[in-house]
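Each in structure tokens, the structures are laid out below.
Next come two complexes, and both contain chain A; in the first it sits with chain B, in the second with chain C.
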Partner chain A sequence: MTIDQWHAALREVTGVTGVLGALIVSAEDGLVVAETAMEELATADVAALAAALVMRVARCTSAMDAGLPQTAYLVGDRGALLAVAGPAPLWLVAVARNDGELGRLRLLMRDFADVLR
Partner chain B sequence: MTDDPFAGAPDAPPQGLAFLELGERLRQRGQHAAAATVALSGLAHYPTVADAHDLLARVRADQGDDSAASRAWYAALECDPDHVGARKGLAFVAFRSRDFAAAERHLDIAAMQAPHDITILNALDRLRGLQPARAPVGTVRLTDPAGGVLLFDMQGMRLAGSVREVADVSLADAAAAEGAGLVREAARVARMLDLGTVRHVVMETADAKIAMLPVSRDGALLIYRSSATPLGRLLGLAGDAARAARDWMGSSS
Partner chain C sequence: MRVLEPWVAEPLAEFLRESSARLTLVMTSAGQVIAQHGFTRSVDVMSAAALGAGILATTDELARTIDEPAGFGAVVHQGERQGVWLSAFDTPRGRWIGLVVFGQESSIGLVRLFFARLAAQIQAAAPPLAPVRDVLAEGFERELDNSLRSLFGSR
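On to the complex of A and B.
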């Protein structure tokens, strides 16, 4: 995929109801590779925090002898962060309100992550 | 020489692992006593062969002795924790006693070992169709070592349950330690991104779906299921497990 195609994919993710923003993040250093988000979302913070969470999740699945994580979803009572693995070390990350269409968002992100690979 | 290829076979010493095929053929012909003798004779020589315990278990199950069958299948799992046949057998015994939750759990583990075995996936679907969408709280057994439910405290110490097998205490301890770290990280992320109080974190790998959810200020759970488990069902189980955990922590404190 080209950078333009990445942005098109991110815009489609951001079009899902309740999604505040979508990013492609490098899990190694927590930096934003590409992004489409509302102004209120601090994407640099999201990238760093998502990378930290993904690393923690990887340690947890490794400790459980369950292999490498392909997805990680953090759901709170006000919102959610969804992360889907792309080609290492990239992860597709989205932040959504808790009234968002999380099921559709999950499937869409998985589709895009497959294409990214 | 006799026309019966199996005549006298039960008393003969086993030659290699050929007794497995012989015992299975006897079992399929309904000669359960002879099949049991062959299996026991084989086990006397090969006590660490999981398939031999599996054979004995299937014979005992055919004889209607589910207790003995379960013991033999658990013995098979001690020899080979990944023995799919033993898991299927334990699921069958649990199903026959209408313990659908245990049957699902064993099939779930079998699905982790053989994710492309369509017979296991079909059995799981049929089994889930027999149960309410959300299993009642009583079916969550925190102390069941094969329950796939691990309760730990915020210092990363295991309180109850296990990730997979009773023998995997070190695996459960490691998971508890990392689980506590995940709880802290999730809380930090949720606080900094204004996501509110953490309800759960779901992790998916090629083989498993895992949910982590805090159950109180002092403890959290990890729920481990195969990748074949529907996400909504995993979260339903997680909610039930959280209630059971709160009860357990209340009663144990």
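On to the complex of A and C.
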């Protein structure tokens, strides 16, 4: 996939109702590789924390002898974070409100992660 | 962790906890050390402080050369097992520099995120600058000893 195609994919994810932003994050260094997000979303902060989260999840699944994690799904009182593994070390991350179309978001992100790989 | 200015201790402790940094130095832009964590030998601290201040001075000059008036926010060197983050920030006490060494348990993104918080907390916590006192020859050595003791414990 080219950078333009990445951005097109991110725009499609951000178009799902309730999604505040979508990013491609490098899990190794916690930096944003590409992003499409609303202004109020601190994407650099989300990238750093999401990368730390998936690295810890990877350590956890490794300790469980469950292989590499493919998705991480975190739901809070007001919002949710969905991360799907792309080609290492990239992860596709989306942040959404709880009242958004989270089911559709999950399916869409899984499709994009497959294409990214 | 050793600090010369007590009000730096709390923000620095929070930064170390959140970022999982291995080594940290907070210093003035002249290379005078304000706080350090993780270093065991004074000679290492002095070398790191001098080299860090030198690197930032060099990049500031490079920024001027390429007409980047705001300068560079940070300088990062990424090694195979460890990385170094260098960044300057303004405080009521002048321009300070942070030098952070981090390993695979952390990341550039995490250091960037929590370093910004550290800088903001230091800016907010800094007491007003006391009037400059004349340093007399007989007091200079005592003050230097006190500073070194604060940073490295008993000598």
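In the analysis below, the second predicted complex is superposed on the first by the 117 of 117 C-alpha atoms of A that agree within 3 Å, B and C clash if a C-alpha of one lies under 4 Å from a C-alpha of the other, contacts with A are read in each partner's own complex, and residues count from 1 in each chain.
Definition applied: a residue touches a chain if its C-beta (ideal position, glycine included) is under 8 Å from a C-beta of that chain, and two chains touch if they have at least 3 such contacts.
Everything numeric in this text was worked out from a predicted model, so none of it was measured.
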{"item": "Combined model on chain A where chain B meets chain C, clash or fit", "value": "fit"}
{"item": "Broader residue contact with chain A after superposition on the shared chain, chain B or chain C", "value": "B"}
{"item": "Partner chain(s) touched by A:V57 [first = chain B, second = chain C, both, neither]", "value": "first"}
{"item": "Inter-chain angle, chain B to chain C through the CA centre of chain A, in degrees rounded to a multiple of 10", "value": "110"}
{"item": "Contacts of A:T71 with chain B and chain C, given as first, second, both or neither", "value": "first"}
{"item": "First, second, both or neither for A:E28, with chain B first and chain C second", "value": "second"}
{"item": "Which superposed partner A:G18 touches (first chain B, second chain C, both, neither)", "value": "neither"}
{"item": "First (chain B), second (chain C), both or neither touched by A:P89", "value": "neither"}
{"item": "First (chain B), second (chain C), both or neither touched by A:A47", "value": "second"}
{"item": "Chain B versus chain C - smallest C-alpha distance in the overlay, whole Å", "value": "9"}
{"item": "Touching both chain B and chain C, residues of chain A", "value": "45, 49, 52"}
{"item": "Complex contact set, residues of chain B against chain A", "value": "163-164, 171, 174-175, 177-179, 181-182, 185-186, 188-190, 192-208, 210, 212, 222, 224"}
{"item": "For the chain C and chain A complex, residues of the former touching the latter", "value": "78, 106-110, 112-113"}
{"item": "Chain A residues touching chain C - in the complex, by the definition given at the top", "value": "28-31, 44-45, 47-49, 51-52, 55"}
{"item": "Contact set on chain A toward chain B in their complex", "value": "45-46, 49-50, 52-53, 56-57, 59-81, 95, 98"}
